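The structures considered in this document are given below.
One chain, chain A, appears in both complexes that follow, with chain B as partner in the first and chain C in the second.
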Partner chain A sequence: MKRSHLLAALVVFILSLLVPAVVQKDFVLQILFRIYLFAALGLAWNLVGGYAGQLSLGHSAYFGAGAYSLALFSGRLGVSPWIAALMGVAVALACALLIGGVSFRLRGPYFVLATIAFAEVLRLIAKNLPEVTGGDVGVQVPALFHGNVNRAFYWAAVGLTAVAFATTVAISRARFGYYLMAIREDEDTALSVGIGAAKNKLAALLISAVLTALAGALYGSLFLYIVPDQVLALDVSNEIAIVAMLGGAGTILGPVVGSVVLESAAELFKNFFKEAHLLIYGVLLVVVVLFLPEGIIGTLGALLRRRALLGGIKASARGVTGD
Partner chain B sequence: MSLLEIDHVSKRFGGLRAINNIAFAIEENEIAFIVGPNGAGKTTLFNLITGVFHPDDGAIRFQGKDITHISPNHAARLGIGRTFQLVKPLRNLTVLENVMLGAFLHTSSASKAAEQAREVLKYLQMEKVMHFTASGLPIALLKRLEIARALATKPRLILLDEVVSGLSTSEALALAEILKKLPEWGVAAVGGVEHVMQVVMSIAHRVVVLDHGTQIAEGKPGEVVRMPAVIEAYLGAKYKELGL
Partner chain C sequence: MFPHLRITNYQLQVHGAGVRLDLYAALQAVINGLLTGALYALIGMGLALIFGVMRIVNFAHGAFMMLGMYATYVLFTRTGVSPYVLFMVAGILLFAAGYVIYFGLLRPIHGQSDFMQILLTLGIGLIATDGVLLVFGADYHQINFPLLGKNLHFGQHLNVNAPWVVSFVIAVVLALTLYLFVMRTMTGRAARAIAQNRYAAPLMGINVFRVQAISFALGVAAAGVAGGLLLPVFYIYPQVGDQFTLKAFVIVVLGGMESIVGAALAGLVLGVVESLTSLYWGNEWALAVDFVIFLLVLSLKPSGIFGRQRA
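Entry: the complex of A and B
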């Protein structure tokens, strides 16, 4: 990423912070909150699913851990909400250690299966322990912000996205980022140059879990009430993965673009097509998987690289004929 | 003390004796070749040295240290680099990035890794394709990329699994000229080849011949090709009597 790109990202960040000065309507701010929240989630997922190439379809575990920890530690044990949110991060880290520690030693589909299974187990626990979690009825979540709530949550989501984005940029430039890509491309090769594959995959998952848990706490706290089938559902896991893949897994900008496209499309379809919006959503996904398997940014990037390469070949051909 | 000691190593896969009681040693800065037909056990031997598999019997020592039960990434850290017979490039990364991953073993700085990678690529005469993604390279360059990546880890020993197979004779000889200079990098090399004897004869200091997992000869290349057991394994028993 060039300096000019980073500057552009900084400008976008500052403009995003200024949006509430212009946009006052609560429902618009809530849509924007959702776009940024899923951008942050997509960026978090991208570290594991994109850079390290380890497909996770169970990020709802960390998301739900964040939301439920805030609700339970604060609501039932009386811990202050922000401390409870941090405890949610700790719980998510523990979940990630358990899933990654066991399944990253194996190759093949074990990790993705473990992620789905673990998230489902958490959902079933939340549903079936009404004394603790409120069960299907759900549980109240304390407010993290007071006053102009929608604006505050919007800013928090923008901030989280910025943190996730900065983390991604830093990792993609560091040795750690190269290690993750090497593991994605070929684990044997990665091992042959001395990369501890299991250790690095786990590190990526832990960072991802931290960001996801924070997003979960924000989400729960905005709605003030959560039920298992909302924050621990497979739908959440899928949506996080789809946002990243639609934009371009393994690219820096992909998850952000994916979230803008998917979340605004979902909102539009909901208004225009009523109940049929899920159908359109599905068709959109099929189209992307078939025609843009590398995602929007991945495909654009490949096109640009090809043009640059062709340009270079043409230039050198001219040089040859010029002699 | 030899750089690498293979001390009566055996490995079975079920009923198949892939490697049977093999023993030889490699000295510092030496270029050795393990020669043998397809299925002789060359790749298995490399996998045993790099910890992909572990021997059933015997021991492997590297710089005097027992590495019999090492893990693959630990082997690389100790200074054993390897290439893969079926090339395993990091396809979506550029050639430079592929080699940088080797260099990252000794530096965490991306710019230093890139600098070291460029040096290695220059040695392998690959500077021109540095910014191409690995997926677009022809096989001759992919074989070189394997060597470049391994060499960038600054190994003391590099295992070259069939680096010349699939290359034309002229490509193979050009690569041999490059490999000949490996000792200048302070690297000993063990190559495995099936049949490109021209390359072996021109650059090897030592040759080990395997047949069905058994070591049938070891010595200087000129001596080994005259040994009756080698002629029998390669050409059949009747040529042995001709005293080829």
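Entry: the complex of A and C
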């Protein structure tokens, strides 16, 4: 990433922070909150699913761990909300250690299935232990912000996206990032040149889980109430993965673009399709796989590179023939 | 024949009537489990053909089962013909759908990574589920026909619901047919040849795409037929298939991937395990137990319970 790109990102970040000065309507701020929240989630997922190439379809586990820890530690044990949110990060880390420890030994579809199975077990535990978790009825979540709530949550989501973005930039430039990409391209070759695949994949998952748990806590706290089928549902995992794949897995900007496109489309189609709003996700998935396998950013990048390459060839051809 | 049963009988005399009832409750649970398990077996065999043999990761398997259910449901409400006839129509419809989906969507991404297949079939599943939701609404439905109220009694304590028995018998017959198809027909042999070596198979004159399309469509049809057989004894709603997708994968992995027979046995075992879990821990834990068993098998014995060691 060039310096000018980083500067552009910084400008976008500052402009994003200034948006509430212009936009006052609560529902617009809530939509923007959702866009940034899923941008952050997509960026977090991208570390594991994009850079390391390990398609996790169980990120709802960390999302739900963040939301439920905030609710339960604060509601049942009386811990202050922000400390409870941090404890949620610890719980998500523990989950990631367990899930990663088992699933990373598996490859391909078995890895995907194991991540789903873990997330489902967590959802069922949350559903079936009403004395602890509130069960199907759900549980109240304490407010992390007071006063002008929508503005505060919007800023928090922008901040989280900025942190996730900066983390992604740092990792993509670091040795660690190249290790992850090497593992994605060919795990056996990576192992043979001395890259500890298990260790690096787990490190990526831990970072991803921290960001995802924080996003889960924010989400739960905005709605003040959570149920298992909402924050621990497979739909959450799918949405996170779709955001990243649509924008371009393994690219820095992809998840952000993916979230803008997916969440806007979801908002537009929500009134159209009512309960069947997941229809648009299905259509987008099929379109991405068939026509944009590298996502929007990946495909755009390839087009630009090809144009630059063709331009270079034409220029040098002109140089040779002398016209 | 049942040595453990004799021992329990001896204990019965010691403990009295309470234990006797417990024993019958457990026996009843096992019978119920086998009845459900036969349908699981059919769904699992379908996925074993698609995923285990053809290596197509089908995340829409449960959605196809749901489509089979809805197809039977719609035909039943329009014509009033018995669902035990209509499920065959559903099977034919889903075979056609599977064939079209293979050539229209799956073949274009042939040779790409598993993840692309997963995302594609996930998308197909979402479109199917929410398409049905859009057309039929989110309401639960259940069909009603005379056989539904009939129970068969065995002795004083055991009884089974008649539609379950009919579904069971049909499922067993279909499972045997599917098995014979894979083992005895030319197409079945070709499918197994592709599973053994996908590079050598085309050299032997096997049309890989055609055989894959037929196998995929057959697997989809098996799921659809199971859905049709499940309709008389189950509620129907658009998301009904969701949990069956994962269950089908659990069955295929337990059964040892490539083995059609393994999947059939694993389906029966899963049915009994779920039924006993429901009896002793409560219905709500059955699915969780499925997944825990799945994770244990994946991490401890990836070749499955009934499978041979994978290369």
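We take it that the second predicted complex is superposed on the first by the 302 of 323 C-alpha atoms of A that agree within 3 Å, B and C clash if a C-alpha of one lies under 4 Å from a C-alpha of the other, contacts with A are read in each partner's own complex, and residues count from 1 in each chain.
Following the convention adopted for this analysis, a contact is a pair of C-beta atoms (placed from the backbone, for glycine too) under 8 Å apart; a residue touches a chain by one contact, two chains touch by 3 or more.
Everything quoted here is computed from the prediction, not taken from an experiment.
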Once the two complexes are aligned on chain A, which partner has more residues of chain A within touching range, chain B or chain C?
C
Between chain B (first) and chain C (second), which, if any, makes contact with A:Phe153: first, second, both or neither?
neither
With both complexes overlaid on chain A, does A:Tyr62 touch chain B (first), chain C (second), both or neither?
neither
Please work out whether A:Gly196 is in contact with chain B alone, chain C alone, both, or neither, and reply first, second, both or neither.
first
Which holds for A:Tyr51: it touches chain B only (first), chain C only (second), both, or neither?
neither
Which of the two partners, first being chain B and second being chain C, lies in contact with A:Tyr281: first, second, both, or neither?
second
Touched partner set for A:Asp186, first chain B, second chain C, both or neither:
first
Determine, under the contact definition given at the top, whether A:Ala174 touches first (chain B), second (chain C), both, or neither.
first
After lining up the shared chain so the two structures overlap, which partner does A:Gly108 touch, if you call chain B first and chain C second: first, second, both or neither?
second
Which superposed partner A:Phe118 touches (first chain B, second chain C, both, neither):
second
Using the superposition on A, tell me which residues of chain A are in contact with chain B and, in the other complex, with chain C.
none
Can you list the residues on chain B that touch chain A in the complex?
50, 52, 71-74, 76-77, 81-82, 84, 88-93, 97, 100-102, 104-105, 108-110, 113, 132-133, 149-150, 152-153
Residue set of chain A touching chain C in the complex reads 55, 57, 102, 105-106, 108-110, 112-114, 116-118, 120-121, 124-125, 127-128, 234, 238, 241, 245, 273, 275-279, 281-286, 288-290, 293
Any idea which chain A residues touch chain B in the complex?
173-175, 178-179, 181-182, 185-186, 188-197, 305, 309
Within their complex, chain C touches chain A through residues 51, 57, 105, 108-109, 112, 114-116, 118-120, 122-131, 133-134, 138, 242, 246, 249, 253, 282, 284-285, 287-288, 291-292, 294-295, 298-299, 302
